[in-house]
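I'd like to ask you about the structure that follows.
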Amino acid sequence: MTDTWLVTNLRAIRGRAYPRVIGSKRELSWLFFDITLPLLTVSAYAYIYKYIQAPDEFVGFVILGGAMTAFWLNILWMMASQLYWEKEIGNLQLYLIAPISRMSILAGMAVGGLFMTAIRASATMVIGVLLFGIVLSFAQPVMLILIFVVTMISLYGMGMMFASLYLLLGREAYHLSNLLTEPVYLASGLYFPVKALGFWAAAGASIIPITLGLDALRQLFYPGSGAEYGFLSVNTELAILAVLCVAFLWLSKYSLDYMEKLGKTTGRLTLRWQ
Amino acid sequence: MAVSHDLRTFKNAAWLGWQMEANWTDPFVFATYSIVKPLAGSLILVFMYIVITGGETQTPFFSYMFIGNAFYMFVAEVLFGVTWVIHDDREHYMTLKQVYIAPIKFYTYVFGRAAIKIAITTVGVLITLAFGVIWLGVEIDLGAVDWLVFIPALLIGLLTILIMGLALGGVTFLTAKHGMGINEGIAGVFYVLSGVIFPITVLPGWAQTISHLLPVTYWMEALRRGLSPDLMASLPGSTGLSDFSNLEILLTLALSTVAFLFISTAIFRYADRTARRKGKIDWTTSY
Amino acid sequence: MQSAVEVKGLTRVFEPKKKKEGKSVTALNKVDLRIARGELFGLLGPNGAGKTTLLKILSTLLLPTAGKAFVAGFDVEKDFTEVRKRINMVSGGEISGYGLLTVKENLWMFTQFYGMKSSVAKQRIDEMLAQFGLADKKDEKVRTLSTGQRQKMNVIRGFVTDPEIIFLDEPTLGLDVNASRVIREFIVDWVQAKDNRTVLLTTHYMMEADQLCDRIAIIDDGRILACDTPENLKKLVKMNRTLKLDVTSLKDTSKFGSLTGVEQFTFQDDAEKDQTHLKFILTDDSAVTEIISEVQSKGARILSLQKTEPTLEDVFIKMVGKGFE
């Protein structure tokens, strides 16, 4: 590995991230649709908790979950299905003949998507906090940042892995994304503590990085809630997330190589309408 | 002639919709897919409720919430379906322009695509309700159903949603890729403000005023009154529409549907014209 | 000197997704080809002949079923990373890029996939946009461009990374005369500007191939049927070259039939117009000079002259057995 290789690939990441970042600046309609409106679903769940007189932290749990929803939707609709649409547009073959690691293209999409989604998620958080008057604790800022970063790397690693798998699925990709919406909201405990699912179900759901990431963030933002509502200790969750991080990045590289080889062998990699 | 032409367009669009919804896999996988998604959506609420109440689901409020959430699937799926048709045809398959310039009424085409969405969603709603009644003790007694309220309410409500979907379809002409947030968002407005999963009385006063202007609010109330009259009688406190008689609820629903018909048609026409003026019918905004 | 492209016994068979869905298709069948550095090489063939399949294999997008292909001396199957550093590709009717970005941003984005330094890339993009008459469009969104402008942008995308070898798949497809001319002139200038630059071009347009290419391979049904310079290819056609002359009245025509290179000679006097019509079938073009000298030596004046030659299209029809659909 040389510096030149690294620089080339960093430039490629910047190049692919650029349209996502600039796109969010250029078409401002997303500010309304992607920030204001999704907050409504979050509000609906918050009102249920208020109506059934749930403890105060549950409204905060819902708002944190709502913020995480943004990342999951970004993974499904703008990471996982993206390579398939790049193929349809005709960009994929140009990416494939470029002298760079394919991971750089995916990483570029991830960085750009993460940037956009982080704004959306932050807005959901800020408005939620203001609207429902929730109080979050920032007693452990380093741990908060660490958990968030590790969760995001493993989550986008998973998205990168999905991108290759979706490419093989072709048109079925849309349905898979659709299928992975509500069931994942349920399994990951986006709107209630995942512990409620029972140990084994929650353990199974932990393969999705937002499950443990969100659980840990809730415990950190609401110190003391962990004993009753937390699934595992924050440290254990951090360790598992770190393992997921490495596993998903490796799996994404592996599936990308596999996809490319299979595509080159069958000749379907650059054919449209497959 | 014109009617048979419209019917043919409607039929073909519905066929195309079915192909795109179901033709991607074998019937077994499609059936599983059609069941898992709605059930998961409902189970989120179930777990939210159980976490707080410690497992007690045989309460009037749980049934109120569960039934509302089941019927809300129509709102979410149809609104999503209609806007997705425009988005998908334009940006992905790039066929919108061909459909658009064909000598058919474009909204007949959109209705056709939406109709198949309603058919598929109906299966999901029925399964969800059956699951709720059998496993969670949701209060629906087929012998006690007030069909004279339920059937008209269901039909008028579905028509209302189709009409609103048309307006959103028009807006999608004008928005970029992230415009898919429209579905999520507008459906979200109804979710919060229309008494879907909690009575509107829990909302701030100004929000309740908006609730009274939305047809979905009356739809949800009428559906519950028709499907489970006893439940509505035993629910503690007011739903916000307790002063309305059944007939008044249905009439208000019908009137608001007519009002939305005018509003939606105007929005669709305006959006259609603006899209042509700005050349947005065949653009792609991918990034 | 090392070849730009070398292909040995290259075969590519496409299998159906499921056995029931049909038969396998042999897109390339034991193709041998060698393209030297500095050549502007053309691939001519009807739809489905295997041109694009060959380009896809050479540009590392597709693996061969059998045989070997080398680009810039590297095996496309094993050393694809080295190949990719040296190539680029442009297709006709391409819609690549992102509609939301401007022309310059789109081009810049693609340069980043080749690791170009931003400042260098931007300067080169500006120069090329000016060269293609697109300087005033650089800040316009891509979706606002006309078909010709869009294709010019695609061509810039392919060349801006300064590849050693570029694959052009029908680069002027569907373009007007002016846009096609700009692109053709650019291609010729580009390949001549440096010694080691090579172009492999597929086209449907015979004139384009004839004008641009140093050598042409005619491909059909996955096989290379002929490969030579346009001139030599035309010689393969045993088609009569004819010369027709209208001259002022000529009394003595006895010598014309025996001139070297003349296979057949006929004439006809037109008393009304006081003219003679001469018709020659030639075996050698050099006969034309002698015929003209003979006409002049007899004191006659040439009123009109028409020479017909075989075209690349004749070669193509002879080889493939049909014209382009």
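Lettered A, B and C in written order, each chain numbered from 1.
As a convention for this text, a residue touches a chain if its C-beta (ideal position, glycine included) is under 8 Å from a C-beta of that chain, and two chains touch if they have at least 3 such contacts.
Being a predicted model, the structure only gives us computed values, none of them experimental.
Trainee: Whose Cα centre is nearest the centre of all Cα atoms in view?
Mentor: Per-chain C-alpha centroids compared to the overall one single out A.
Trainee: Please name the chain that ends up farthest from subunit B once chain centres are defined by their CA atoms averaged.
Mentor: That would be chain C.
Trainee: What is the distance in Å between the mean C-alpha positions of subunit A and subunit C?
Mentor: Each chain reduced to its C-alpha mean, subunit A and subunit C end up 49 Å apart.
Trainee: Roughly how far is subunit A from subunit B, going centre to centre by Cα mean, in whole Å?
Mentor: Inter-chain centre distance comes to 27 Å.
Trainee: How many angstrom lie between the CA centroids of subunit B and subunit C, rounded to a whole number?
Mentor: 57
Trainee: Mind pulling the residue numbers of subunit C that touch at least two other chains?
Mentor: If we look for residues of subunit C contacting two or more partner chains, we find 98, 100-101.
Trainee: Tell me, which residues of subunit B touch at least two other chains?
Mentor: 176, 284-287
Trainee: When you check subunit A against every other chain, which residues touch at least two of them?
Mentor: 19, 22-23, 27, 89
Trainee: Name, in rising order, each residue of subunit B that touches subunit A in their complex.
Mentor: On the subunit B side, the touching residues are 24-25, 33, 36-38, 40-41, 43-45, 47-53, 61, 65, 92, 175-182, 184-186, 188-189, 191-192, 196-199, 202-203, 284-287.
Trainee: What residues on subunit C touch subunit A, complex-wise?
Mentor: 12, 14-15, 53, 56, 59-63, 81, 84-85, 87-89, 91, 94-98, 100-101, 105, 108-116, 118, 157
Trainee: Applying the document's contact rule, which stretches of subunit A touch subunit B when the two form their complex?
Mentor: 19-20, 22-24, 27, 29-30, 33-34, 36-41, 43-45, 47-54, 58, 77, 85, 88-89, 171-172, 175, 178-179, 181-183, 185-187, 189-193, 196-197
Trainee: In the complex, go through subunit A and note every residue touching subunit C.
Mentor: Residue list for subunit A touching subunit C: 4, 7-9, 11-12, 14-16, 18-19, 22-23, 26-27, 89-91, 93-100, 104-105, 264-267, 269-270.
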